[in-house]
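Shared between the two complexes below is chain A, which pairs with chain B and chain C, respectively.
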Partner chain A sequence: MKVTVERAQLLKSLSHVHRVVERRNTIPILGNVLVRAETAKLSLKATDLDLEVTETLVAETGTGGSTTVPAHMFYDIVRKLPDGAQIVLEGDGDRSVLTIRAGRSRFTLQTLPENDFPDLAAGDMTHAFSLAAADLKRLIDRTQFAISTEETRYYLNGIYLHGAGSAKSATLRGVATDGHRLAQLDLALPKGAEGMPGVIIPRKTVGEVQRLIEDSEAEIGIELSQGKIRFTIGHVVLTSKLIDGTFPDYGRVIPQNNDKELVVDKKDFEAAVDRVSTISSERGRAVKLALSAGKLVLSVTNPDSGSATEELEVEYASDALDIGFNSRYLLDIAAQIEGEAAVLKLADPGSPTLVQDRDSKGALYVLMPMRV
Partner chain B sequence: MPVRQLPETVVNRIAAGEVVERPASVVKELVENAIDAGAARIDVFTDGGGKRRIGVTDDGAGMAKGDLALAVNRHATSKLEDEDLLRIHTLGFRGEALPSIGAVARLCITTRDAREPHAWSLTVEGGRKSAITPAALTQGTRVEVADLFYATPARLKFLKTDRTEAEAIREVVRRLAMARPDIGFTLAGEGRAPATWTAALPGAAGRLTRLGDILGGDFRSAAIAVRAERERVIVEGFAAAPSLTRANALGQYLFVNGRPVRDKLILGAVRAAYSDYLPRDRHPVVALFVTTDPQEVDANVHPAKTEVRFRNAGLVRALIVHALKEGLAREGRRTAANSDGAVLTAFRPATSPRPADWDWRRSPASPAGARPWMGGPPATAFAEAGQTAFDVGAPSADVRFDAHLPMDLIDRPLGAARTQIHETYIVSQTRDGLIVVDQHAAHERIVYERLKAALERDGVQRQILLIPDIIELDEATVEKLTDRATELKKFGLAIESFGPGAVAVRETPSLLGKTNAAALLRDLAEHMAEWDETLPLERRLMHVAATMACHGSVRAGRILKPEEMNALLREMEATPNSGQCNHGRPTYVELKLADIEKLFGRR
Partner chain C sequence: MTAGPSDGPLCFCRDCLDDLSFTAPRCSACGSPRLVRHRTLPALALAHIDCDAFYATVEKRDNPALADKPVIVGGGRRGVVLAACYTARTYGVHSAMPMFKALALCPFATVVPPDMAKYVRVGREVRTTMQALTPLVEPLSIDEAFLDLSGTRRVHGMIPAKVLAKFATDVERELGITVSVGLSCNKFLAKIASDLDKPRGFTALDQDEACIMLADKPVSFMFGVGPATQERLSERGFRTIGDLQRANEMEMMKQFPAEGRQLWRLARGIDDRRVIADRGAKTISSETTFESNIRDFATLERFLWRLSEKVSSRLKASELAGSTITLKLKTADFRQRTRSQSIPVSTQLAVKIFAMCREMLTKEIDGTAFRLMGIGVSALRAESQANVADMLDLRSAHAERAMDDLRKKFGSAAVIRGLAYEGPEKPRQQ
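Moving on, here comes the complex of A and B:
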């Protein structure tokens, strides 16, 4: 194998794939990246057995071939090479080494045989559709914060992506919940997604996709089957296993008849919650919302340090109500509001509260109160 | 004052001070006599810490009337056949015990030789012999010692409490009983239930039975058989797996040709062999038996014979280290936790679960006076305000099972990984039980062994010092250190002698970073003076390697995929000593199916 590639390109690709590789591994080859040279292109592949990222870049291929080298070390070498350098990769199968040359630098890395490199064996994908990068980004951004990290309910450790609604109002919906709050975002159902199975995309995959589409403008190709999902983002292909579990019937917890409507200015509300919660302790982060006509009083009492109160002018016309929330959860949800105002629909101090964006449709949040 | 020849009674009392130091030494001498007499059963009775009464009865050969009269004379013995101190096959040989005891106590010996028509009895009180009278005894010898040290009140005053003396006696009998599993022992008196150690079968099995009886069941289950032989010196015995440790070195026993000895040799050798498995302040439990030609060992160092000298001490030490290391490496994956029932007792049958809304304040367990105000809201200072939650289903572990994994893994020693719990422990199924592995500890050991192998293969890189460190030490130490210069260089420390009273350190191990060479060398010198080994340097290097291993291994909290878990288990099977992490904690525990069945009352 012999291939020449531009340093900046190689660095960018490696920065994408090497992140998948864990620093410490019980299986040595999982610390490696697969390097494959084909006609006029070089592909790099890394995996952690649940998630696999492949990136293809333009290269000048002398002789084709493939091998695997330690991912983090390879990345560090390329990173430290001077900008604008042409990098020559040359594999010597007999000595099982890969030589990296750039200018007057020369590195020789130990390789492991490519045959041992695990393959996710994606199999047949049953559904394929595409989404605008901005839409996928919104779906992830609006729901990711609610993903549970609790391993005992492993089926909550991801975003539940599925088709919802019917006929004309059919949507592609992402839902995440950790049992305390729930986030849901609807997008118009793209062509090809009709009848797709509901799938749970693991947290790590969500994070990687989010990073990869950060500066992408193009359409993102999505293929999926019962057990796997694949994202094609430009030259990068990310394939991941899905969480094999049943997402709970989340529809039951979304309140339908909350009649007390509160409209708050997003910025004012966020800032006020942030201010009063300064007083709260690590143990209890409860903030009390006291509602009366046109007025919201936020208060925090911490028996160890003191108390804080702040009054906000709001749109509220129902009966007075006192309700408590975890301040961190309130801030998390406030951060999701894209428009200027948030609409909170409440019932009583012990029931779930519905939060929506007044100006932007498609997203809804549910938050469970705290007993204060 | 004119020079006088001291009367014999005084001479005897002076001499007695050396042999008979405390009641325990009387017991030791008498039991050793019984063993030398070929007894199959020895009964020991003591009272008042041995000060009031000591009785030792055996079923050995006994003595004829003529021998009995001689036996209580100084330097009279039946044990030194050809007056050759180089060939000693018995525990005693000096002929001092009985006269010494007779000089300071009231001694009564009743004995019967098989050829005599009946037994004979003789008493000695404060050195004065009585006439020999006929007595009744079927076989063997009964020695009774009363009012020990009554003739030397000064010594009596310096004895410890009855309890302490009784404990010392107990230790003496335990040691002798460990040395001779083929003899049955009982130890009675002191208001305690008598301890009985029945005669065990000869051979290793019997020896282990006896050791287990004395050192406890946890030793028996953790014991690893060790053995090494070279140049007609045999070291054999049992060493506990590193999971069984003590806070002091008292659990280390050495026997040379059947004689219990206390020797620095064994302490040093055991430390060296276990250095890789145990933290510095923990000590292993071992019982080692050295068998050698009597000519190779001098037991005549100390009147009480608790010390011996070997003609070739280096060989014996090397053999002990070798035997222990070999045994530990062979049984390295063993842990004590699987067999001593600790795991089992940690499991408890479920008691009927309490309803979720159970409140102790409303239960009968609540303090009566406190009840009235307990009904109110909980104090906010302690209770976190309750976060309510949706119903999102019951907790369940991710028990996906990958059908692609080969099924025969279950037959491997560490079985097939089934799941990971708390992102820290791997649960694996074996043919006859289940295993729980601490993933970090296990991987740490594997990485550490790899680093160690690399260190041994490639040596330690040396950092040359800009200004050599000159360290002043005494001449003997300098010589000792420079003698080992080549060995030290292998570990990255280059030294040379710098005049008669100093050494120059020119290079230090780069692995240790900026190290205080003077402190290291002094530490090394002190250790070498005491133990004649370079352990402190190795220990420091290995400590660095251990830290590197800790950082380089998968942490607790990392989710492992089934393939990764199985890879770790296979690697553990292939790695020596993978039963313990570098700090001596077990890396896995095993629960046998039989134990599980016991828990559920199926057996």
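Moving on, here comes the complex of A and C:
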């Protein structure tokens, strides 16, 4: 194998794929990246057995071939080579080494046989559709924060992507929840996604896809089946296993009849919550919201340090109500609001509260209160 | 004229509290030989109080027939000695010793199964008595505590040493148990002092005496020096505390950046940790040693549930919730494994604690036989700050609260989870 490639291109591709490789690996081959030279192109592939990323870049191929080298070391070498360098990769099948040359630098890396490199064996995908990068990014950005980290309920460790809505206004919906808050975002159902199975995309995959979306103008190809999902983002193809579990019937926790409506200015509200929660030394202390006509009083009391109060002018016309929320969770949700105002629909201090964006459609959040 | 902190008697009788001359052999008033004598007695105000063979003493108090017999508190075939009375100790029995070994040394000892609830009750009574002396009482365990009596002289009308001597006789008379008192100028020395004259002892110790006494003790005598630190110290030639006393403070700090200064100071009997009253529990935990080793998941799971319920009920009783759950396992060959996990929202629910521990336990099942299992909940906070309910699973929380209510009304056996139910009394016919 002999191939010449531009340093900047190689570095960018490696930066995409090497992230998938876990720093600590008990299986040596999983620490490697697969390098394959074909006519006029070079492809790089890395996997952690749940997730596989392949990127193809333009290269000048002398002789084709493939091998695997330690991913992080390869990345570090390329990163340290001078900008603008032309890098020559040359494999020697007999000695199982890969030589990397650029200018006067020369590295020889030990390789492991390509045959040992695992293949995620995606199998047949049953559904294929495409989404605007900006839409997919929004779906991830708005729901990611609510993904549970608790391993006991592994089926909550991802975003549940599925078809929803009625036949007339069908949507592609992403939902994430950890039982204490829930985030849901609807996009128009793209062509090809009709009848797709509901899938749970693992957190790591979600994070990788989010990082790979650089150009929000682009279209992203999505293919999926019962067990796998594949994203095609420019020259990168990311294939991932899905979480094998049943996402709970989240619909029943979304309140339908909350009649007390509160409208707050997003920026003012977020800043006020942030300010009063300074008093809570530990994360997760309660912020009390005292509501009365046209007025919201936020307060935090910490027996160890003191208290904080802030008053906001709001749109509120229902009966007075006192309700408490975890300050961290309230901030997380306030941060999701894209428009100028947030609408909170409340029932009573013990029931879930619905939070929506007044100006932007498709997103909704549910937050469980705390007793204060 | 007010008395300065160093004015006051240098010698007094522990039984009648009469002041005596420094060289008196016995109390001139009551004839007691139990005197407290120290050159700087009025200046010492930091005490460590330790109940003597606490569990065993309580058992002897409640059953006078045991008074002159060797008594060991502990239990089960696999249990360990929790406490041995001083009679049993003369045979070489000591606490934390495996029961079979203790009984080999002292075959005619009376073994009493522990009654923790009773010890906790008596321990509380002792603590209440301590708290009447000073608000600065820092409990170390159920039967020992540090007391800072600085500045209490005018309140009590006597020097701290006398207050403590009176406390010891009061406890003996009213609660029927004996304590040993160590009086010094800091925690480290007070703790050493209380151990010098056990049982029923009273030792005053100042820094100069401590330096001499500590000099030929091994470095591991100081708290915070475990096998690893001991090893590192001995590599540099520090074997006894005397070696550390001779070292230079700066050199020590250079050689042991993390603890050098602290070691150097402790070696010289300097310790400026303050007595902190009631720091509250940091962890609530429970563990059990199995009658015989267990390797199978289903059996462990049943024990796990019981432990979860126990820890949960203690959390509920103290109105606490925690967000770090720890599972502890000890293998048949005494290797300890601890695994822990944190959750964003604190919990006090048995179902939740159980679910998390179960998850951790499944990963440890590999054919290993375990002899002990325990669970602990830490990162504690008040329950009122921890009750973001789980929207997806409101029912299991409701069910647990309902079970708690039933138990409160009809006793703990009123309702049992299927998991912990071991079938009707009689074995079922196949």
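General observations
Convention: the second predicted complex is superposed on the first by the 368 of 372 C-alpha atoms of A that agree within 3 Å, B and C clash if a C-alpha of one lies under 4 Å from a C-alpha of the other, contacts with A are read in each partner's own complex, and residues count from 1 in each chain.
Heads up, the rule we're going with is that a contact is a pair of C-beta atoms (placed from the backbone, for glycine too) under 8 Å apart; a residue touches a chain by one contact, two chains touch by 3 or more.
Every value quoted in this text rests on a predicted model; they were computed, and no experiment measured them.
Per the definitions stated earlier, placing chain B and chain C onto a shared chain A by superposition produces a clash between them. Touched residues of chain A were counted for both chain B and chain C, and B has more of them.
When the shared chain is aligned, chain B and chain C each come close enough to touch A:G179.
By the touch criterion defined above, A:D50 reaches chain B but does not reach chain C. Of the two partner chains placed around the shared chain by superposition, chain C is the only one that A:T149 touches, whereas chain B remains out of contact.
Shared-chain residue A:G84: touches no atom of chain B or chain C. Judged by the touch definition given at the top, the superposed model places A:G251 against neither chain B nor chain C.
Contact with neither chain B nor chain C is seen for A:P113 once the two complexes are overlaid on the shared chain. Contacts of A:G339 after superposition on the shared chain: neither chain B nor chain C is touched.
When the two complexes are superposed via chain A, 365-373 is the only one of 95-103, 113-121, 149-157 or 365-373 in chain C with C-alpha atoms clashing against chain B. Shared interface residues of chain A (contacting chain B in one complex, chain C in the other): 150-152, 156, 177, 179-180, 182, 248, 250, 253, 284, 286, 326, 350, 352, 366, 368-372. Interface residues of chain A facing chain B in the complex, by the touch rule stated above, are 22, 24-27, 30, 48-50, 118, 150-156, 177, 179-180, 182, 244-245, 248, 250, 252-253, 283-284, 286, 301, 303-304, 324, 326, 350, 352, 366, 368-372.
Interface residues of chain C, counted against chain A in their complex, comprise 341, 343-346, 355-356, 358-359, 381, 384-393.
For chain B in complex with chain A, the residues that touch the partner chain are 380-381, 384-393, 395-398, 400, 422-423, 443, 552-555, 558-561, 563-565, 567-568, 571. On the chain A side of its complex with chain C, the touching residues are 149-152, 156, 177-180, 182, 248, 250, 253, 282, 284-286, 326, 329, 350, 352, 366, 368-372.
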